[in-house]
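To start, the structure under review is shown below, and the notes come after it.
Chain nomenclature is as follows: A, B, C and D, assigned in order of appearance, with residue numbering initiated at 1 for each chain independently.
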Amino acid sequence: MEWLIQLRQIKRQWIYLSLAVLVALPLFFKIRLPFFVGPQAKGVYEAVKNLPEDKVVLLAMDWGAATKGESMWQAQAVIEHLFKEKKPFVILGYDIQGPQLSEELAEKLAKKYGRNYGEDWFNVGFITGGLPFLQRIAKNFQAAFKQDSVKRKPLSSLPLARKVRDIHDIGLIIDITGSQSYGDWLTIQGNFKVPLAIACTAVITPDLYPFLDSKQLIGMLSGLKGAAEYEALIKGSHRKTTLKMMMSQSMAHLLIIILIVLANIGLYIERRRRSG
Amino acid sequence: MEHATTGVAILELSITGAILFSIFWARGGKEFFLRRIAAFSVIDEAIGRAVEMGRPILFCTGLSGLGVTFFQALAILSYVVRRAAEYGVRVIVPLFASEVYPLTEEVCKEAYRAAGKLEEYNPSDVFFLSNDQFAYASGVVGIMHRERTATHFFLGDFAAESLILAEEGHSVGAMQIAGTPATLQLPFFVAACDYTLIGEEYYAASAYISREPIIVGSIKGQDLGKIILLFLSLSGVIGVTLGGKMAIIFQNLFR
Amino acid sequence: MKIFHPVKDPTLLTVYIVASLVGSFLVLALMHKFLSLRAKGRFITALTFLAGFFYSLEFFLPAKNGKNFLTPWVEPVGDALAVIGAFAFPLGLVSLAIVHWGNIKRKREGWYFSLVLFIATIAMALSAFLSYYAHLSIAKKIYSCLFDGLYIPLGVAMMSTLAFYIVSAAYRAFRVTNVDAILMMGAAIIVMLGQIPFGMWLTSWLPMQGIVSSLRIENVSNWFMTVVNMSVQRAIGFGLAVGGIAMALRVWFSLERGMQMGGK
Amino acid sequence: MVEVIVTWLAALATLGIYSILYKENPIYRFFEHLFIGLGLGWTIFEVWKDVLQPKWWTPMVVEGKWYWIFAFVLGSLYYFIFSPRFAWMARLVISTFMGLSAGLVFKVTAAIYIPQIEASFRPITFHPSIARGINNLLSTIILLCVILYFLFTISHEKQPLAGASKLGRWFIMLGLGAMFGSTVMARLSLFIDRLTFLLHDWLKVIKF
């Protein structure tokens, strides 16, 4: 009984050691805690799967190195699913690094799924001008861009790019962001009624719930958890990197909760002994 | 907002008016009641603890640059240094922003003069440590361990490093009093420190410590200002709920 | 603004500079000699009072298409503040150097760490200047090792210790001791569970729609964040707004006892 | 080659900092002083490159704006702080800076808090969705109670205020708990990133 009371004062060095071990384990071994994919992540997945044949997906990469820890994994999961389902998409973004970093992701994944630049996807890179420029793209996509950002060639030379004339050729917009850029895309969604999903950093999630229950958004990926949920939905995606990191997160969160419970058990027994 | 719209000007000037009015009301001899705030009643006890243990006090103003947050921290520092000087206890003040160093040095020297101990003042207890957030945190943690500081004051602007300072401070066994307007850091100070000033309690510090009638008057002004904001917010809720013209008035109140 | 027009000719420029340098120190010397201590004090308090009007008036005075008579001065004053503030940096450096030079001179325990600090400062400053201005390739390599190899990782490593501290802080603070701790613990645990797929699995048996669905962990957690947390932060913000204005007024009118630069 | 050195230095620096988690020790002290020294060296470079050269030296010497020498004069006054007789000159600059930054409070307060005041106007209507109406009503009650909790010059013993401010304190605790819980994920991901760096980039014991 004595050691139960000691649960109240576990030395912090033991707590730190157990955290390091519990976080490292899922990176080495295949540990799968019970896992539940939320409705918001499923919403994005379904929207990509049910994209009409003649439509293209618009991927807004409004993130940079600062939020790489969450946004890059979301971008990788979405691009992998788009390649697997052979759904064409175009990449652009308010952030200089976003389109560039996601182009590297796309090229790496394209080899695995045998997809070709210009036919399955194309990239028009970093855009400035905010909402007014988005309005211009919506009305006339071709005129808004002199050339694509990878081959530096006019859009007319890329078979997929030729098909994207204006917003009506876009079947779904997915904004991957670490900032308030989603406001502009919500306006576009409001004006042109194009289905919109947002993959945001965890800290922004509370701000988006009002738009979910007003159906302005058809789905949302929230931080690393959102990326892990999406990756779990893609059958056969062998790497599951985000899943491992999500397992580490879950183990650490559970460690905290278990420690709190143990501490209070120790406290309770000690108090009962003192009063008993 | 580059320039005040009429709505903003009226609101901020009415709050300023309430504060100035209360200051002159206090200058005219009016006494105000002040409710008890735990953190302020233990400042002397915290200094006393350092005196008993014969170990220095650490006063950390976080990442504060020159601004109102730093000025409030300085007002408290001035009191703590004066009391500590009376008992001959060192107060170590590592600073984050070099432009606040001269002002801090001057305030500490004045505190020693007010305590009548100017000759004992050691200028190298106040120094610029680093203007990198986490180099500053690692340096303050080093000071806590090496100087074995007995009492810690964390008062000023803080960011993520607040939890590093509070947790390492606890592991050194120090008594810790914290206060910051950085609301996002309050959970960590409340969790790890002995006493924490929440939100506006931070800006009431100099009144509670000095109990000078004029400054207590400005606290009365702060209460009047809050009542103005509360009244505005509630009438806004009613206006928006009623909808129609009322809603539009309130939505464009500050446009 | 006539007299403050730039001077192109180098010799004339040096004359202007030296003249104003000598002139200002002359004025200061005269003030030092002829102003009594009380007069100096009152002059300093007056400076604080006058300086307080600059940004406040610029903000409140009506602005025709974004400008009032003070607006053109905002940027130069801002630059001047940055420059004068930058001149305070060497003074701060000196204060730190005195502390660490004291350690070395008196061979106080652990004095060699102060040596490490001096060497690191000089090495980083030199390699940064040489690689930026002189484009020396050897300096670029050293700079890369110091900056990318040590400085950035040290910052990232120090910040990552927060993961450990948040665990030990939660373990120590969330105890059923009083109402405050219980409420804080309850909200923290719910929001934590709401963030991990395992937590969502715990209440995944609840229906997806309807009233009961609001008991699902992710919805309860979101309710805490969007209703309770946002309103609490907003209310605290109202207090801070008023408190900030009160503090500014106390400083502006030199009411704070410990900070009266002009003395009482 | 430089890459390998950089990775090794970064790994050793990370482990050196983590040694504080066990207890304060000479290794930590070494990396602490190294970190502060590197930071100072970098700041010396940055202060010149980003502030003094572009905003003072170039305008004065290259563009001939001779009056920038007065910035130097005012800046040099700081250095009189240590001399008892001339300290008043340092106070000239300090008091001016204090006044200027006090005056800035109105613009800063407007920028940060006016949007918050506007956002507090929430319609208590149950039409489109009952949940939204209830939540808006609750938000307003929470706002009211928490502000009443912060009243300093009115005694909290008498009933209407006593209950409201106690409720206010409870809501504050719930809010702080929610904030704490929502930050755990972000803090843990910092360590997971560092751990993957150590295991993947440095020791190469795990694959991605």
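Following the convention adopted for this analysis, contacts are C-beta pairs under 8 Å (C-beta built on N, C-alpha and C of every residue); 3 or more make two chains touch, one makes a residue touch a chain.
Just so it is clear, the structure is predicted and the values come from calculations on it, not from any experiment.
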Chain pair with the greatest number of C-beta contact pairs: C-D
Per-chain Cα centre nearest the global Cα centre, belonging to chain: D
Distance between chain centroids, defined by C-alpha means - chain A, chain B (Å): 39
Chain centre separation (chain B, chain D; CA means) in Å: 14
Whole-Å separation of chain centres (CA-atom averages), chain A against chain C: 32
Distance from chain D to chain C - Cα centre to Cα centre, in angstrom: 6
Residues of chain C engaged with two or more neighbouring chains: 59-60, 85, 88-89, 91, 93, 96, 110, 154-155, 158-159, 161-164, 166, 168, 170, 172, 174, 184-185, 188-189, 192, 195-196, 225-226, 229-230, 233, 236-241, 244-245, 247-249, 251, 259, 261
Set of chain A residues in contact with two or more other chains: 12, 16, 19, 23, 202, 206, 223, 225, 249, 252-253, 256
Where chain B touches two or more other chains, by residue: 4, 12, 66, 68, 71, 99, 102-103, 105-106, 123, 129, 132, 134-135, 138, 146, 168, 183, 186-188, 190-191, 198-200, 204, 219, 222, 226, 229-230, 233
Contact set on chain C toward chain A in their complex: 163-164, 166-168, 170-172, 174-177, 185, 189, 192-193, 195-201, 204, 208, 218, 222, 225-226, 229-230
Residue ranges of chain C in contact with chain B within the complex: 58-63, 66, 68, 85, 88-89, 91-93, 95-96, 98-99, 102, 110, 154-155, 158-159, 161-162, 165-166, 168-170, 172-174, 184, 188, 233, 236-251, 253, 255-259, 261
Parts of chain A lying in touch with chain C, wherever the complex brings them together: 10, 12, 15-16, 19, 23, 33-39, 202, 205-206, 209-210, 223, 225, 228-229, 246, 249-250, 252-257, 259-260, 263-264, 267-268
Partner chain D, residues of chain A touching it in the complex: 13, 16, 19-20, 23-24, 27-28, 69-70, 202-203, 206, 213, 223-225, 239, 241, 245, 248-249, 252-253, 256
Touching residues (chain side chain D, partner chain B) in the complex: 17, 20, 24, 28-29, 31-33, 35-36, 38-40, 42-43, 78, 81-82, 87, 90-91, 93-94, 97-98, 101-102, 104-111, 114, 117-118, 120-125, 136, 140, 143-144, 147-148, 150-156, 172, 176-177, 179-180, 183
